[in-house]
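Notes follow the structure.
Chains: A, B, C and D, in written order; residue numbering restarts at 1 for each.
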C-alpha cells in the first residue's frame, strides 16, 4: 500500500474561503485584505476591534534538538490545531514564515507534513505576501544608506572597523558571508570588509516580530545600532536618517497573514526571526489577534524559545 | 492659489473596486486574484479566454531625452488613457513597475503626477505584489548555485575570470557595484571578483517581460548564460541545474498586475526591464491581455524603446 | 665542433683585480669600495677628483624592436667596448643593473653573451651590491608610511581613491598586480585597492638614475607625489615625512658599481630604470665618472632611449 | 656634563682594517671577501680550514622580558666581548642582523649602545651585505611560483584555502598583514586571501640560520611546506620547483659577515631569525667559524633562546 507525498496531499486540499475562516475566528471582514485565494493580510485595526473578545489559552509548542530535517514542531502544532476541532474546541495556530533557503535545500519546505500541513504549501514556502522580501529591502536600505554616509564624507565619524550592520539575503549563499565591498574606484564607495547574513537573522526581523504597532516599529528601527565611532559611541539608523524609509518598506509586512491548515484550522503566519538575537516565535501582533480567535492559540517556538516563551 | 501635491491628490483618490474595472475591460472574474484593495493579479488563463475579443489599437508612448527627474512618459500615458474615456473610447494603459531605488532617491516615485497618476501610489512605488522581489530572488538563486558549483569542485570547469552572471538588488547601493566575495576560509566559498546590479537590469527581468507562458519562461531561464569555461564554451543556468528553481520563484511574478488611474482607467503594471539588455517595455503577457480590453492599448516604452516597439 | 655556453665561458673568465681596472681608468684608489672580488662601489667623491681629466666621446647604443629574448644591446655594447681596446683605444661601458625577474624567466640573464659578457655573470644577474633591493626598500618604506598615515587619522586628507603610489617587488609576480590591502580588522590598516609593480619601474629608480648627488636625491625623494587630497592637491613624500628615511636607505645605492667584461674592459653598472616614467639609461652619476675614464664611454639605452639620449 | 649620543660615539670610531681583525682571529685571508670597509663576508671554506684550531668556550647571552626598547642583550654581549680583551682573553661575539623595521621605529637600531656598539652602526642597521634582502627575495620567489602554479592550472591540486606560505617584507607595514591578491582579471592570477610577514619571521631565515652548507640549505629549501592539497597532503617548494632558485638567491647570504666592536672585538653578524618558528640565534655556520677564533664565543640569543641554546 502506498502513501501519498506531502505535495500530493497539499495539492489535493480544498481550500475554505478565507473570509469564512476569518468569520469563524471573529476577525472582522473589513480588516481582511485578500492576497490571492490562499492568504490574506489582517489589518492592525483588528487588534482594537477584537480586544474585548474572550482570551484563548496560550500554548507554546517547541522542541530542543535541532536536526537537518527539522524536528516536527510545525507538524505537531498543525496536528494539535486540527485535533482540537475534533474534540469540539476552536484553535488557531501561530507559526513563523520560513526562509527560502531551506525550501530549496535538504529540508524541502516548512509547512508541516502528511495530513498536518498549512496550505497552499507552495505559497507558504515561497514568497507568501512578500514580508520576507520587505524585511530584506528594509535591512539593505539601511546598509546602503550607511555606506552612502561613508562615501559622502562620514560626518558622523563611523569607524569603518566597527560597523556592525551587515547586509542580508533570503538565500543560502555561503560566498556572501564575507566580502570586501566598495571596490572599483572613486564613484564606487569606500572599501571595507563586511558580508551577508540570512534575512531571518536580521534585527529588522526581530524588531518586526516584537513590535506592537507601526509607531512602535518606527521607534525600534530608529534605535538600531549600525556601528560605532572611534570613541565607541553608538551610531543608529536614526542618526543616518534611514529609519523612516525602513518603516515605510515594512508597512505591509507588519500585518499578519491568515492561512489555513488542511482541515481548515486558521493559521496566523507572521515573521521568521532566527539566530542569536531572535526570540524564535511568530509575532506579538499575531498573538494579539490570535489570542481572541477561539479557545486555544497554539504558537510554535524555535531557536530561542526560552526567550520568546512568556 | 495653491496646488495640491501629487501625494495629496493620490491619497484623496477614491478607488473603484478592481472587480468592476476588470469586468468593464472584459477580464474574466475567475482570472482575477485580489492582492489587497489596490491591485490584483491576472491569471494567465485570461490570455486564452480573451483571445477572440476584438483587438485594440496599440499605441506606444515614449521619449528620447532622459533627465534625472524623468521626462513624463508615465504621466503622458496615464493622461492619454484618461483622456480617451472623455471622448467615449475605452483605453487601457500598460506600464512598467518601478524600482525601489528611484522612489527613495531624487525622482520620488514613478506613478505619474498631478491628476494623471496610477493609484494607490504608495503600493505602486513600493513592493506592489512582490514581482520585483521575486526577480531578485530568482536571479540571486542562480548566483548562489553558481558559486556553490565552484565551491563543490567546479565539475563544469567554469573559468572564474569569465563568469558573467553577477548578483542583483532592488536598491541603489554603489558600494555593491564591485565586490570580492567568497572570503573568510574553507567553508566560505571560492574568492572571486564580482558585484551587484539593480534588479531591473537583470536578464531574468528581461526574460520575464518577453516570455509568453510559464513553459516559455522555464526555457528562457535554462538558456541564460552564466559564464564560460576555459575553452570559451558557454555554461548555462540549465547546466548548473537552477533554471527550474528560478522558474518556481517566478510563478506569481509572471502574472500581470491590474491597477487603475485616478479616473478609473485600467492600468496593467508588469515587469520593469532596464539597461542595455532590456526592451524597456512592460511585458508581452500584459500586452496579450491588454490588447483585448478595449479600443486602445497605450504602452509606455523607456530605454531601448526602439527594440521593444513593434 | 661544439661551442661553449655563455655560462661556461663566463665561469672560465679570469678576473682582473678591480683595483687595477680602476687605476687604468683613472678612478682614484681611495674612492673604491670592494664588494667581494667581482664588484666595487665608487664613492661619489670620485666625481670631483676626476673632473679635470679629459672627456671621452659619448656613444649611445640602443635598439628599437624589443623581443622576449632581448635584442642584443648589452652584447653589442660589451663587444664594442672590448673592440676598442683591440684598436688601441680605451673604452668604458655603462650599463643598467638587471631585474631579478628576467633572470629566472625566459631571458636567462642580462650580462651579454658569448665572448661579450660582463663578469662575474651570476653576481651581475643576482643581487650585485644590493642597489635594487635598496630601491625596493626605499619605495616600500614610502608605501608603508603612507598607509600608516591613513591609519593614524589621515591628517593630510589623502583621497584613498586617488593614491598613485603603489608598492614594488623585484620579482615577476602577476598575483600582486592588483590587491586589496589593509584587511583584517582594527589594527590592520585601512582597506584599499592597490598593487605591486616591478622595482625597475619605481619612480625611486628613475630619480636615482637622474640625481647628481645625495642632496639632489634627497630633494627628488621629497618631491615624489604619492597621491592627492579631495581637492586634487598633490601630497608628497615630504608631506608624509618619509623622504629622509628613503634617502638613508639609498646612500649606498647611489654609488655606481665597477665591474669588468671578459676582456677586462671597465663596466660601470648602475640603476635599472624601466617603464613609462624612466629614461632607460644607466645613471647620470655613472656617466659623470665614466666620461673621464678613457677615450670612449659607451652607454646602453633601453626603453625610453629617446628620452635618455642627450 | 654632557654624554655623547650612541650615534656620535659610533661615528667617531676608528675602524681597524678587517684583514687585521681576521688575522688576529685566525680566519684565513683568502676566505675573506671585503664589502666596503666596514664588513666582510667569510667564505664557507673557512669552516674546513679552521676545523683543527682549538675550540673556544661557548657563552650564551640572553634575557627574558622583552620591552619595546629592547633589554640590552646586544649591548651586554658587546660589552662582555670587549671586557674579555681587558683581562687578556680573546673573545668573538656572534649576533643577529637586525630588521629594517625597528631601525626606523621606536627602537632606533640594534647595534648595542654607548661604548658597547658594533660599528659601523649605520651599515649594521641598514642593508649590511644584503642578506636580509636575499631572504626576502628567496621567500617571495617561492610565493610567486606558488601563485604562478595556481594560475597555470594547479596541477598539484593545491587547496587555495590551505596555503600556508605567505609573502615577506623587511618593513613594518601593518596594511600588508592581510590582503586579497590575484585581483584584476584573467591575466592577473587567481584571487585568494593571504598577507605579508616580516622577513625575519620567514622559514627561509630560520633554515638559513640552521643550515651547515649550501647543499644542506638546498635540501631545507626543498622541504619547505607551502600548503596542502584537498586530501591534506603537504606540497613543498620542491614540488613547485622553486627550491633551486631560492638557494641560488641565498648563495651569498649563507656566508657570515665579519664586523667589529668599538674596541676592535671581532663580531660575526649573521641571520636574524624571529618569531614562533625561529631559534632566535645567529647561525650555525657563524658558530662553526666563531668557535675556532679565540678563547670565548659569546652568542646572543633572543626570542626562542631556549630552543637555540645547546
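Keep this in mind: a contact is a pair of C-beta atoms (placed from the backbone, for glycine too) under 8 Å apart; a residue touches a chain by one contact, two chains touch by 3 or more.
From a predicted model like this one, the values you see are computed outputs, not experimental measurements.
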Those chains which touch chain D and also touch chain B: none
Joint neighbours of chain D and chain C, given as chain labels: none
Distance from chain D to chain A - Cα centre to Cα centre, in angstrom: 61
Whole-Å gap separating chain A and chain B, where each centre is the average of the chain's CA atoms: 25
Chain A-chain C separation of Cα centroids, rounded to whole Å: 66
Set of chain C residues in contact with two or more other chains: 180, 182-184, 190, 193
Chains touching one another, given as label pairs in label order: A-B, A-C, B-D, C-D
Chain C residues touching chain A - in the complex, by the definition given at the top: 159-162, 180, 182-186, 190-193
Touching residues on chain B, where the partner in the complex is chain A: 33-37, 41, 100, 104, 122, 126-127, 129-130, 133-134, 136-137, 140-141, 143-144, 147-148, 151, 167, 169-184, 187-190, 193, 195, 245, 248-249, 251-252
